[in-house]
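Paired with chain B in one complex and with chain C in the other, chain A is shared by the two complexes that follow.
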Partner chain A sequence: MATVFVNVLPDANGKPPRSDLIKVEVGGQKLTLAPVDIGNEKLNLIQAAERAGVFVPHYCWHPALTVVASCRMCLVQTGRRDPDKNDPAKINWSLLPNKVVPACQTPATDGTIIVTNNPLAKNAQADTLEGILLNHPLDCPVCDKAGECMLQDYSYRYGRAQSRMIDEKNTPPNKPHIGDNVTLFTDRCIMCSRCVRFTREVAGTAELQIINRGHHSEIDIFPGEPLNNKLATNVVDLCPVGALCSKDFLYTHRVWNLKTVDSVCADCSTGCSIHLDTNKSVVYRLRPRHNPQAQGYFMCDDGRLGYHYVNAPERIVRPQMRTEQTLTPTPWNEVRQALVQDLKAAVQRDATGVLGVLSPFLTCEEAYLLAKFLKGLSGQVRLALGPVPVVGQDDTYPKDRRGNPIQPVRFTIRAEKCPNRRGVEEVLRHFQGDLIPFDEVIRSAQSNSIQALYLAGGYPPREEGWIRTDQAEHLKNIPLLIVQDLLPSPISSAAKYLLPASSFAEKEGTFVNHAGLAQALRWGVTPPGECRVDGQIFLDLLERRGLIHAPTVRQELGQEIPYFAPLAQGDLGEYGIPLQG
Partner chain B sequence: MAEFEPVLLRRIGKPNSAALETYRADGGYRALEKALNSMQPVDVVNTVKNSGLRGRGGAGFPTGLKWTFLPKDHPGPIYLCVNADESEPCTFNNRVLMEQDPHQVLEGIILSSYAIRARTAYLYIRYEYGPATRAMQKAIDEAYASNLLGQNILGKDFHLDVFIHRGAGAYICGEETGLIESLEGKRAWPRIKPPFPAVEGAFRKPTIVNNIETMACVTHILDRGLEWFRSLGVPPDPNNPRDAGSFGPKLYNLSGHVNRPGTYEAPMGITVRELIDKYGGGVWQGRKAKGAIPGGISMGVITEAEFDMPLDFNGPGKVGCLGLGTGAVTVFDETTSIVDVLANICRFFAHESCGQCTPCREGTGWMDKIADRIKHGQGRREDLDILAEVGNRIGIMPGTTICGLADGAGWPVKLAVKKFRAEFEAFIRDGKKSTVKSLALVH
Partner chain C sequence: MPVPPSDIRWVEEPKLGLAEMLYLPSIAQGMITTMKRIVQPKITQEFPEQRPQLPANYRGVHRLNRDEQGRVRCVACYMCSTACPAHCIDIVAAPSPWPDREKYPETFVIDELRCIYCGMCEQACPVDAIELTTLCDLTGFSREEMMFDKEKLLSVFDQTVQRGTDPVRTRGGRLGVASELPPEGGVTTSSTAQS
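Presenting the complex of A and B:
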C-alpha cells in the first residue's frame, strides 16, 4: 500500500476538488495535497498525479515506450511525507528545494509529494517550452497537426506568450522521402524521439535514427532504407507535433472540422480499436484507439490506410433488379417485395435448395437478423459462411533488421482479413448447427442443387478478389441469385437482385475478434446514394418496423444465443466485452 | 613548495620512459606485486578509500567510495571503464601520462580491477589521441607478454583483460554513461540515473568508470602508502562536514597566454597565481592577465583578482566556479576581449551538446546565437540577462537535464556575464565588433 500526495488547485469556481485534502506548509510553500492510494502499482509521477486528476504535461514519455526523460516537459517538484524517526506520531513534510525532477522518470513511492503547479515547476515547464519553440517554425496555419498539437496546447496552458529569440531559426530540410506513407517536416520536430523508440521497440525494424548533435539534431533514415514497415504510420500518431505527417491525410482536412467516433478496424481479425475521423459523410482517416483488451496503442498501415473503398465512386449505391436481360435500378420497396416473393416461391419449391451465405464482414446483429429472416422462411433453408479471406500468415512485430519476428510479440497483423468470422460463425452455429463452408456451397452449385442464393457480402476490395472467377462461374447458374455487396464483383453482374451493402464506417453493430473480444462498431458516415445499412435491409425483410438500432438487436441476440449472453445489456463499453466459447 | 618532487610525472622526459623495462627499473609494478601477494581486494578498496583520493576527471567524487557502491557478492562480470576521453578544452594531463608513462596508468588499472574484482577493463580513449592509443596498446602488449595481464597474473588467481576502445571524437563521451553507451556501440546519449553505473553500467553489468589520472594515483597510493598521499594537499575544512578534503598530487595543465604552457604537477591547493608565475613563467609578452578559466571551460571563469584562489576541490567554488574540474588553467591576457572568450565557449558547447534534453539542446544553441550576435556588433543589453538566465537554468543541478554537460555549458556563460558585465555592456554600448576568427570546430 502506497499513498502519494499531489498538490491540487481549487477548480475554476474556487472550490476544492475533493473533501479529503491536506493543507500543509512545506519549505515556505502552502500546499493543498490530495492523497492518492496507488496500492502496489509501479507508477511514475505522471501516472500517479493523473490518479488525483492532475495532468502533468509530457512529450517524450509514452506508456508503450521506454522512458528517456529527455524532453523535460514533465518537470515537477517533489517532496516526502515521512513519519518522524523518533516520534512515529509526528509527520515530517519536506520538499526537495530549488530542484525539479522529470515526473516520467521518478517512481511514485509511499509518501511522495508531487507538486506540478507551483512557481518552480511552472517556470521549469515554461522554460522548456520556450526552448522547444526557439527553432520551431510556428507554421501552424499550414500544419496538419494544428488543432490536435501538443505543442500548441501546452503553449497555451503552460507556456509564455512571447519568444525572446531574435536570431534566425534553424531550418533543416524537410524529408518527404522518409517513407511511402510518412513525411517529415524536420523543422517542426521537438526531438522527443518517440518515433525512433517506436521503430526500435515495437516495429523493431529501426529505420529511424537521430543524426547530428545539439540543436542541429534531426530525425532521419539511412539512405535508401525508408520507413516502410507495416506499422510505420503509427509514428504520426506518436509525434506530439506536426513533424511526422501521414501522406494519406496531408492537407486533406483541418482536424477541428473532423467528427470522431470510436469504432473498430475491419481489416483483419485483430480488431484494432480505432477513432474514425469523418466530416460530411467522407472518411478522412483512421487512428488507433488505446485498448488493452484488443491491440494496445497501435494499428497497422493496412488497416489505417485501407478505408478508401468507403469513399470509392465505384460502389454499388442503389438496389437493382433484373428486368429482362439488364439490371435496372429499382426503388427499395419494389425490390424488397419482389425479392421476398421470389424467395418464398423458391422455398415452396425446394427449401433445401435455398441458401444464405453470410460474409464475415457482417456484424453479429446483421448476421442474426438475416439468419432469422431466412430461417423464418423455412427451417430447411441452409446458411453458410461466406469466403474468409486469408492472406499469408500472421505478421508479428517487432521484427529484426532481416525481417524475422522477435519475442515478445508487441503487435500482430492477422492473416485472416475479416473482422467478424467468429461472430458470424457463432450466429450460424446457433441457427444451423453445423457450419457450412463456402466450398460446399460451390459444390452444391456445381451439382445444380441450389435454387436460390442470398449472398450477403460487404467485401472490401482486395487484389486477388474475394471470390475466384471459377467459383463465380458456378454460382452464375443459380436461378435466383441475390447479391448484396459493396463493389462490383464477378458475380454481381449475374445477380437477379443486386443490393448495395454498407461498409464498416457506415454501420453499427458488434465485431468479435480472433480472441473472442466483442467490440462495438459505430457509424461515422451515412451510406452513399440510395444505399441502406445492411441491418436496415434485413430488418425490412423481416418486416419489422422502424430503423435499425444495433444495441436493441444486440440485447435480443444476447438473450437468444448463449454465446452472446454477456452482451445482453446492449452496451459494450469503451474496450468491449470478452466472450467465452 | 619548491621542494615538491613530482610523482606522477617523475618519469616523464626520461629516455624510453614508456617501456616496461625502464618502468620496472624505476620500481614499477612493485605495488601490484605487493597487492597481489599480501592484500585482499577489499584491502585495496579500503586503502584507496582511506587515502581520500577523489576522482581526477572533474567531479571529484571519492574513488574508494564509488568502488563500494558495487553490489556485494555480484556473480559478475564487473567492468572497469577507464575514461581517457579527455575532451575538456585545454586539458591534456591524461595524454601526457598515456604517451610518456603508460605503465604507470596500466598498473593502476590492474590494481583497480583487482580491487573491484573486474576481469575486463575497457580503456576508452578519445579518437584524437593516436599516439596515446598506440603507447597504451604497446604497454598492454608488453604486460600480456610479462604475465601482468591475461590469465593468472603473476601466478595468482587473478585474471584480467584490458581492451582499448577508441571514441569518435565527442565531448559527451566523457560523461560516464555517455561513455558506456558509446562503448556499447550506441550513440553517446547519457543515460538516466538511477540506476548508476556501479549497479547497472556497461552491458547492463556493474561498472566503475574512473579517470586515467585517478588510475595513476592508485598506483602510487598502493606503492607509497596512504599516509604519503594524505601528507599532500589540503585537509578537509573542519567547518564543512561534507568536505572530503583534497589530498594528493595533481596534474595541472597551464595554457593560454603564459610564457611556459604545459602540464605541471603540484600538490592540491596551489593557487592560480602560483601556477602561472612559478610554473608558467608569468603572463606572456609582459602583459597582465585579465582572467582565466580555472579547470576546463565548463567550470566557469575567474578574474585576475581571484587568482589567489587555491586549486583544490573547494577553492573554485568559493569564487562561484562549478568545481576544480580537470585542473586545466587557461589564462587570457588583458588584450583579450571577453566577448571572444564567451563566443568560443558558447560555440563549443552548442557544438558538443548531445541534443537529448531540450533545455541543453536549445539552450546551448540559443546562447551560441546570442554570443555570436554580440560579437558581430548586434548585441543588446537584454541579451546579457538572457545569457545569465539561460546559463543558470540548464543543467542537472536545477534538475532540467540528464547529465552535467549543461551545467558546464551554462556555468562559464553566467559567470562571464556576471564578472565581466561592465566590459560586455561597454562592448554593446559602443557598438564594437570583433574580428577575431572563431576557433575551428572539427567533426
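Presenting the complex of A and C:
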C-alpha cells in the first residue's frame, strides 16, 4: 500500500475537486494535496499524478517505450510525507528546495508529494518549451500536425508568448526518402527520440537513429536502410510534433475538419482498436486506439493504409437483377421481392439444395440476421462459412536486424486476414450445428446439387482475390446465385442478383477477434450510392420494420446464443468484452 | 411572455400650440432645407458610367495575391476556409512544386454567390494571400460562372493592381509573423504589448 500526494488547484468554479484534500504549508508554500492510493503498482510521477486528475506535460515519455527523460517537459517539484522518528503521531512534510525532477523517471513511493503547479515547476515547464522552440520553424499553417500537435497545445497551456532567440534558426533539409510511408520534416523535430526508441524496442528493426550532436541533432536512417517495416507509420502517431508525417495522409485534410469515431480495424484477426477519421463521407485515415485487451498502443501499416477500397470508385453501389442476359440496376424493393420469391420457390423444390455462405467480414449481428432469415425459410437450408483469407504466417514484432522474431512478442500481425471468423463461426454453430467449409460448397456445386446460393461477401480487394477463378466456374452453374459484395469479382458477373455490400467503415456491429474479444464496430461514413448496410438488407429480408440498430440486434443475439451471452446488455464499452468459448 | 402592467408606462400626446396648428413654420423650415440642398455640390454618381471611389477597406470581390515571382502566395493552410462562416471556400492542397515552401493550393475555389463578404478570410490568412478588393459590381450569367477558381482570383489581382485601385496590403512574411526573425534588437515586452 502506497499513498502519493498530488498538489491540486481548485477547478474553474473555485471549488476544490474533491473533499478529502489535505491543506498543509511546506517550506513557505501553501499546498492543497490530494491523496492517491496507488497500491503496489510501479508508477512514475506522471502516472501517479494522472490518478489524481492532474496532467503532467510530457513529450519523450510514452507508456509503451523506455524512459529517457530527455525532453525535460515533465519537470515537477517533489517532496515527502514522513512520520516523525521520535513521535509517531506527528507527521513531517518536506519539499526538495529549489529543485525540480523529471516526473517520468522518478518512481512514486509511499509518501511522495508531487507539485506540478507552483511557480518553480511552471517556470521550468515554460523554460523547457522556450528551449524546444528555439529551432522550431513555427510553420504551423502548412504543418499537417497543426490542430493535434503537442507542441502547440503545451505552448498554449504552459509556454510563454514569445521567444528571446535572436539568432538564425537551424534549417536542416527535409528527408522524404526516410521511408515509403513516412516523411521527415527535419526542422520541426524536437528530439524526443520516441521514434528511435519505437523502432528499436517495438519494431526491433532499428532503422532510425540520431545523428550529430547538440543543437544539430537530427533523426536519420542508416544509408540505404529506409524505415519500411510493417509498423513504420506508428512513428507518425508517436511523434508529438509534425516532424514525422504519413505520406498517405500528407496535405489531404486538416485535422480539425475530421470527425472521429472509435472502431475496429478489419484487416486481420488481431482486431486492432482504431480511431476512424472521416469527413463528408470520405475516410481519410485510421489511427490506433489504445486497447490493452486487443493490441496495445499500435497498429500495422497493412491495416492503417488498407482502407482505400472504402472510397474506391469501382465499388458495387446499386442492387442489380438479371433480366434476359444482362445485370440491370433495379430498385431495392423490386429486387427484394423477386429475390425472396425466387428463394422460397427454390426452398420448396429442394430445401437441402439452398445454401447460405457467410463471409468472415460480416459482423456477428449481420451473420445472425442472415442465418435467421435463411433458416426461417426452412430448417434444412444449409449455412457455410465463406473463404477465410490466410496470407503467410503470423508476423510478430520485435524482429532483429535479420528479420527473425525476438521474444517477448510486442505486436502480432495475424495471417488470418479477416476480422470476424470466430464470431461468424459461433453463429453458424448455433444455427447449423456443424461447420461447413467453403470447399464443401464447391464440391456440392460440382455435383450440381445446389439450387440456390446466397453468397454474403463483403471481401476487400486482395491481389489473389477472395475466390479462385476455377471455384467461381463451378458456382456459375447454380440456377439462383445471389452475390452480395463490395467489388466486382469473377463470381459477381454470373450472379442472378448482385447486391452491394458495405465496408467496415459504414456499418455497426460486433467483431470477435482471434482471442475471442468482442469489440464494437462503429460507422464513420455513409455507404456510397444506393448501397445499404448489410444489416439493413437482412432486416428487410426478414421483413422486420425500421432501421438497423446494432445494439438492439446484439441484445437479441446475446439472449439467443449462449456464446454471446455477455453481450446481452448491448454496450461493449471502450475496450470490448472477452468471450469464453 | 406577457408584459407585467408595472412595466407599462402610458405617455400622453403633447398638445399642439397655435404655431403647430397653422403648419406654416414647419413648411418654411422644410423649404429652407430644400433650398440648401439645391445649391450644395451634388454627391450622387451616375453608376455605372461613373465609378465610385470606394475606401480601401471596402469588402468586394476576393483576389489571390501573387508573390514577387508571380506565383500564388497562398500556402493552402485552410485557415480561410476554417474561418469562413458561409463555408464558401474549397481548397485542395498539394506538395508545392517550388523549393521554398512545402505546400500550395492545387485548386482554390470561392463560391462568390455563397460568400457573405465578411472579410474573415482576409483576417485569418497568415500570409496575406487572400484580400477583398473594391470591385463591387459582380455579375454573371450562371451559378457556375460565379465559382471563382484560382486563375480567376489571380486575374482579379492582376486587374486591380494594374488599375491601381487596390494596392497590395501585405505585411505578413513567408509563413506569418511567428515564423519570421524578431525585429532588430530582439523582442521587447513593450513592443509585443503594443502589437
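As a convention for this text, the second predicted complex is superposed on the first by the 581 of 581 C-alpha atoms of A that agree within 3 Å, B and C clash if a C-alpha of one lies under 4 Å from a C-alpha of the other, contacts with A are read in each partner's own complex, and residues count from 1 in each chain.
What we mean here is this: a contact is a pair of C-beta atoms (placed from the backbone, for glycine too) under 8 Å apart; a residue touches a chain by one contact, two chains touch by 3 or more.
Since the model is a prediction, treat every value here as computed from it, not as a measurement.
Undergrad: Mind checking chain B and chain C on superposed chain A, clash or fit?
TA: Here chain B and chain C can both sit on chain A without a clash.
Undergrad: Based on the superposed arrangement, let me know which partner A:P313 touches: chain B (first), chain C (second), both, or neither?
TA: neither
Undergrad: Is A:P292 touching anything from chain B or chain C once the two structures are fitted on A? First, second, both or neither.
TA: neither
Undergrad: Per the contact definition in the header, classify A:R164: touching chain B only (first), chain C only (second), both, or neither.
TA: In the superposition, A:R164 touches chain B and chain C alike.
Undergrad: Measure off the angle at the C-alpha centre of chain A toward the C-alpha centres of chain B and chain C in the combined model, and quote it in steps of 10°.
TA: 90
Undergrad: Please name the chain, chain B or chain C, that touches the greater number of residues in chain A.
TA: After superposing on chain A, more of chain A is contacted by B.
Undergrad: For A:P141, decide between first (touching chain B), second (touching chain C), both and neither.
TA: second
Undergrad: Which partner does A:G379 contact after superposing on A: first (chain B), second (chain C), both, neither?
TA: Neither chain B nor chain C is touched by A:G379.
Undergrad: Answer with first, second, both or neither: which of chain B and chain C does A:P223 touch in the superposed model?
TA: Neither partner.
Undergrad: Quick check on the superposed pair: does A:W256 touch chain B, chain C, both, or neither? Answer first, second, both or neither.
TA: After superposition on chain A, A:W256 lies in contact with chain C alone.
Undergrad: Tell me the contact category for A:P408 with respect to chain B and chain C: first, second, both or neither.
TA: A:P408: touches no partner chain.
Undergrad: Using only C-alpha atoms, work out how near chain B sits to chain C after the chain A superposition, in angstrom.
TA: Comparing every C-alpha of chain B with every C-alpha of chain C, the smallest gap is 6 Å.
Undergrad: Would you mind listing the overlap between the chain B footprint and the chain C footprint on chain A?
TA: Chain A residues touching both partners: 164-165, 168.
Undergrad: Across the complex, what residues on chain B touch chain A?
TA: 170, 172, 187, 189, 192, 350-359, 361-366, 369-370, 373, 382, 386, 393, 397-402
Undergrad: Quick one: in the complex, what on chain C touches chain A?
TA: Counting only chain C, the residues touching chain A are 75-79, 82, 93-95, 101-103, 126-127, 175-176, 178-179, 181-182, 186-187, 192.
Undergrad: Using the touch definition from the top, list the residues of chain A that touch chain B in their complex.
TA: By the definition above, chain A touches chain B via 67-73, 75, 98-102, 105, 124, 127-128, 131-132, 134-135, 164-165, 167-168, 170, 190-191, 193, 209-210, 212-217.
Undergrad: Quick check on the complex: what are the chain A residues that touch chain C?
TA: Residue positions touching the partner: 137-142, 161-166, 168, 174, 185, 250-252, 254, 256-257.
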